[in-house]
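What follows are several structures.
Shared chain: subunit A. Partners: subunit B in the first complex, subunit C in the second.
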Partner chain A sequence: MSLRVEDLRVYYQTLEGEVKALDGVSFAIADGEIMGLAGESGCGKSTLAQSIVRLVPPMKLVGGVVELDGEKLPIDDFEAMNRHRMVGVSIVPQYAMSALNPTRKIGKLIKELLGARGISYRAKLPELENRLQLVGLPREVLDMYPIELSGGMKQRVVMVISTLLDPSLLIADEITSALDVSTQRAVAEMLVDFRDREIVKSMMVVTHDVSILYQIADSILIMYAGQPVESGPAEVITHAPRHPYTQLLVGSLPQVGVRYDEQPLSGIAGNPPGLIDPPSGCRFRPRCPFASERCESRPPLVEIGDGHSVACWKVMEEEDARV
Partner chain B sequence: MLEFDSVTKEFRVGAFGRLTITAVDDVSFRIAPGEIVSLIGESGSGKSTIGRMILRLTPATKGTIRFDGVDVSTLGRKELKEYYRHVQGVFQDPFSSFNPVFKADRVFEMLRSQFYPDRSGSEWEDRVAKAVEDVGLNPVQVLNRYPHQLSGGQLQRMLLARALLLDLRLLVADEVISMLDASTRVGVLNLLAELRERGLSILFITHDLALGYYISDRTIILRRGSIVEMGDTRRVFQDPRHPYTQTLLASVPQMEWRWRDRPVSAAVPVDGDGTGDAEPVTVLEEVEPGHWVAVS
Partner chain C sequence: MRRYFGRKLSIYGLTFFVAVTVNWMIPRFMPGDPIESMVARLTMRPETVEPMREYFERFFGYDVPLWKQYLNFWGALLQGDLGTSVWLFPRPVTSVIMGSLPYTLGLLLPAILLSWWAGNKFGAIAARNRWLDNTFLPVGYLLTATPYMWLALVLAFLLAWQFDLFPLAGAYSVTLRPNWSWTFVWDLLRHWFLPFATLFIVAFGGWAIGMRNMIIYELEADYSRYLESLGAPRRLIRRYSFRNALLPQITGLALQLGAVVAGALVTEIVFSYPGLGWVTLKAVENLDFYLLQGVFLFIVAGVLVANFLIDVVYVLVDPRTRLGMQGRAA
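Up next is the complex of A and B:
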């Protein structure tokens, strides 16, 4: 088991109160697995990605355990985490443009990064050139400033830097969202390539776009309002989801081949709840077409099939009726 | 209704404007009444520039844009105001379209002072309430509020309501749903389709092929300022003739087939269209009625 997250709770301290961005999140990523994490904005997916690598105020760890390869990560201790960053767990942030220091040439920037860890740049250079070639970048980018690179090139440079020390887990936070369609596919397929070449052992891909996850992920975790609602193999989540939220989310996705005049889609009525004082019980209850009284208590995430778990009372009842 | 006739737009860049960039290169198309035309292209393809030229936010370098047969660039102040009664734009980021210091419904008040100074207060309020309801919002929930109190989807609908208060005939919708969440974007998309049914023409500018396929009647694929393919949406998507269109369609993440089962050719540049040389000179050829493809 590469990553294990148990009952993670991370809140944001604000003037109005605590925003419960992650409120009891548990999941695991196996060795060699690419797990996709999807949900609407404000569901806590980026908070989850951030908190495993860089948990800084106003984020606050309230409870829970994060284990990487059997070792507990001190995620709330910024200094102690330094030992694990880049080597154990690494993140490719959403805006690659702001991740690169604009006053440094790419090569110098990498040299300084390695130097901070006591690693010789010269010794790493052959491997670095190797990796650049792997993502289709010329060696010359090392002598360029970030401003000289296009968005897709920057994104790939950041990918190479993040994975240079072969981290066990790579977290990719919305890395394809700002890219063009054709670049998007190239970058997403590089993620798979990095896993296949065992440069990284496992991966967590955070995105709002479920169709990208269908393309590259082995499993998908759907979050809603700070809690996981459904997880399972990518094929099951995209084509046979059971949680009403997942069904509505997947069903509201425009696809090439779906037209308004042939098959109009419907969105999900209402808006996600505020997380300072979220609804009790199932958090999707106010928007759920199947909500009933039993939904006033929080449904547990229960495994109903091979690696397929759902947090919904209705689904549990249907399963009980089937047995 | 709208005619875009051999329009070229050049920008001067660099010190003393020594370099010129051709953002839009000899583009011609028409939009008929009650038609949704989607303009699909990647960043730097000139799609937004076309929208801005129609809205007269930037002048064309060459060529003419005609609305009802009248050259838009010749409109004087008064005629321009009349033009804006019929042609309006809505853009990507709803939060930057509103002044955060004022309440969001100020956009309606400004519209009134500009276009309908003679309307009485209560009559105007009724019209605003009706327009707000027409875009699927509850007036009680959205009027009298500040922009930060409303969601992106609500603000985007407010801007559509504002446009509807005029005698709108053509809407330039530039990436209007890119910033919205999956659950709200379909609502705004369906709203645009409903407005079309009431006779509105829409130029739907997007980089997302799935959105274009969902609502548009005709599709224009743009690359580096030139049209590479244009025609009935279903034909362009089901029988793409230009290699670039084919590449785009192969790159869209779908849930019916996986990328790994259909590799793209290595010849495809991974860096989109931001870099590289200009498109070679091409002419549009009609491969079947109404379906045009660029050939060199």
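Up next is the complex of A and C:
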């Protein structure tokens, strides 16, 4: 196992109270696996991505364990984490387009970043140029300031920097969200390429848009209101989802060949709950068409098929009925 | 780059032209006749009034048509001739201005540069020291919120009046003649200290708070967060944020330096310090339009030159302006 997350709880401390952005999240990513993490905006995806790399106030680790390659990550010890950042786990943050110091040339920035780790820029340069080529950037970007690059180019520079030291795990947060469809496809292919070349061992691709995961993910984890609701092989999640939320999420996707004037996009009625005082029991209950009394207690995440887990009472009853 | 500076230069040139023209118009079309008042002050006997007035009109060039007066004004100006002072007649305006300039520069340049340097240093330290920050911030805001006039008067009252540590007014004691002796230099320094200190204190608070806020802003900027995510050492992140926070401070400094030629009006008046600000006051009190005109022109020219220098400096220090200008930005 490359990454193993066990019952992770991370809350934001605010004046209004604790925002329970991650409330008992467990999953694992195998070596060589690309895991997609999906869910509506505000369900805690970025919080999960951030807390594995840089957990700072107002975020607070309330419980749980994160293990990378069998070693426990000290995610709530900012200094101790430095040893793992960039070499163990690295992130392409959601704000990648503004992530570069505007007053440093890209090459100089990388040089100073490497220098701080005692790595020679000179020695690393051939590999760096190689990587730039891989993401379709000319080596000249090293002599440019961030302002000279387009948003997409900056994002790819960030991708190259984040993966320069071949981290075990790469977390890409909403990396395709701000891009047009054709660029989305190109970036998605780059991610797969990085994995195939074993530049990174495994990957967590975060998005609110499940459609991009069809192309690249081996497995998919669906989150709702700070908790995982369904996970499994990408095939299963996209073609045979069982959780009512996943079914609505996947069903609300635009489908090839369907004309939208005939079939309006449905979306999911209602909004995700606030996470300061979330609904008890199943958090999807207020919006779920199948909700009933049993849903007032929290459904456990139960494996119902080969690597396919669901947290829903209705699904559990159906499974029980089958045997 | 050439086109950019060319455009800037022509804008500054046009501004200067308009300023000179307005400046020329004001004493000529304003109510109140400066010649009249000067004649009134100088003459005792009624029969001397007419010859006196004619003499002055010729002397100040009022005996030719307006358009010619205007051209003559430009001609004189380009030779550095700003006319003659009424208040200190017959000293040329240029000489009055040049005489007060050393006092203004000697007061303002050290006050601005030292407060900038010390304020930025201190602000940067406060930004990363919670204890210092918590004590300094309220004091700093209090300092910058204090009306300067009030601070100057309190300091003058306490240090000069109550405790008699420093002289209250002037640039040097009336009993001394300017010369390069130790006694005189020491006297000069003692007179210089209070006006300098008040300017320094107020500006220091402003710079320090500005720097502190900018650094904290930069430390929370996306690029700092990303560097942290990459495990970059604090030292590197601090260095970047300090440098980036310094850029707006450099603009601020340049703007202040640009306004230096205007003198520190309030300070010079409170401490009767004979710099340009004080001269301006005297010119107003004595209805000395020519001196006032000269001072204004001098200020306009100074501000324009300084602004141009700011443009140059900023292009040198900030790649964003440099690139934006060349149209290389994507």
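Criterion: the second predicted complex is superposed on the first by the 318 of 323 C-alpha atoms of A that agree within 3 Å, B and C clash if a C-alpha of one lies under 4 Å from a C-alpha of the other, contacts with A are read in each partner's own complex, and residues count from 1 in each chain.
Note that contacts are C-beta pairs under 8 Å (C-beta built on N, C-alpha and C of every residue); 3 or more make two chains touch, one makes a residue touch a chain.
Here the structure is a predicted model, which is why all the values come from computation and not from measurement.
**Student:** After the subunit A overlay, clash or fit between subunit B and subunit C?
**Tutor:** With subunit A aligned, subunit B clears subunit C, so fit.
**Student:** Contacts for A:47 in the overlay, against subunit B (first) and subunit C (second): which applies, first, second, both or neither?
**Tutor:** In the superposition, A:47 contacts neither subunit B nor subunit C.
**Student:** Using the touch definition from the top, say if A:238 reaches subunit B (first), subunit C (second), both or neither.
**Tutor:** first
**Student:** Examine A:180 and indicate which partner it touches, taking first as subunit B and second as subunit C; both and neither are also allowed.
**Tutor:** In the superposition, A:180 touches subunit B alone.
**Student:** Which holds for A:211: it touches subunit B only (first), subunit C only (second), both, or neither?
**Tutor:** Once the two structures are laid over each other on A, A:211 reaches subunit B alone.
**Student:** Pick one for A:2: touches subunit B only (first), subunit C only (second), both, or neither.
**Tutor:** A:2 contacts neither subunit B nor subunit C.
**Student:** Does subunit B (first) or subunit C (second) touch A:153, or do both, or does neither?
**Tutor:** both
**Student:** Under the stated touch criterion, which partner chain does A:309 make contact with: subunit B (first), subunit C (second), both, or neither?
**Tutor:** Neither subunit B nor subunit C is touched by A:309.
**Student:** Residues of subunit A touched: more by subunit B or subunit C?
**Tutor:** Between subunit B and subunit C, B touches the greater number of residues in subunit A.
**Student:** Of the two partner chains, subunit B (first) and subunit C (second), which one does A:93 touch, if any: first, second, both, or neither?
**Tutor:** A:93 contacts subunit C only, not subunit B.
**Student:** What is the value, to the nearest 10 degrees, of the angle subtended at the Cα centroid of subunit A by the Cα centroids of subunit B and subunit C?
**Tutor:** Vertex subunit A, arms to subunit B and subunit C: 70 degrees.
**Student:** Contact-wise, after the overlay, does A:163 reach subunit B, subunit C, both or neither (first, second, both, neither)?
**Tutor:** The answer is neither, since A:163 touches no partner chain.
**Student:** Just to confirm the value: shortest Cα separation between subunit B and subunit C in the superposed three-chain model, in whole Å.
**Tutor:** In the combined three-chain model, subunit B comes within 6 Å of subunit C at the C-alpha level.
**Student:** Following superposition on chain A, which residues of subunit A contact subunit B and also contact subunit C?
**Tutor:** 150, 153
**Student:** Which residues of subunit A touch subunit C in their complex?
**Tutor:** Checking each residue of subunit A against subunit C gives 53-54, 56, 78, 81-87, 90-91, 93, 95-96, 98-105, 112-113, 116-117, 145, 147-150, 153, 158, 161-162.
**Student:** Using the touch definition from the top, list the residues of subunit A that touch subunit B in their complex.
**Tutor:** That would be residues 40-41, 136, 150-153, 179-189, 192, 208-212, 214-216, 238-239, 248-250, 252-261, 264-268, 271 of subunit A.
**Student:** Report the residues of subunit B in contact with subunit A in the complex, numbered from low to high.
**Tutor:** 42-43, 151, 181-187, 189-190, 193, 207-211, 213-215, 233-234, 237, 247-256, 258-260, 264, 268-275
**Student:** Going by the contact rule set out above, which residues of subunit C touch subunit A in the complex?
**Tutor:** 221-223, 225-233, 235-236, 240, 243-244, 247, 318-320, 323-324, 328-330
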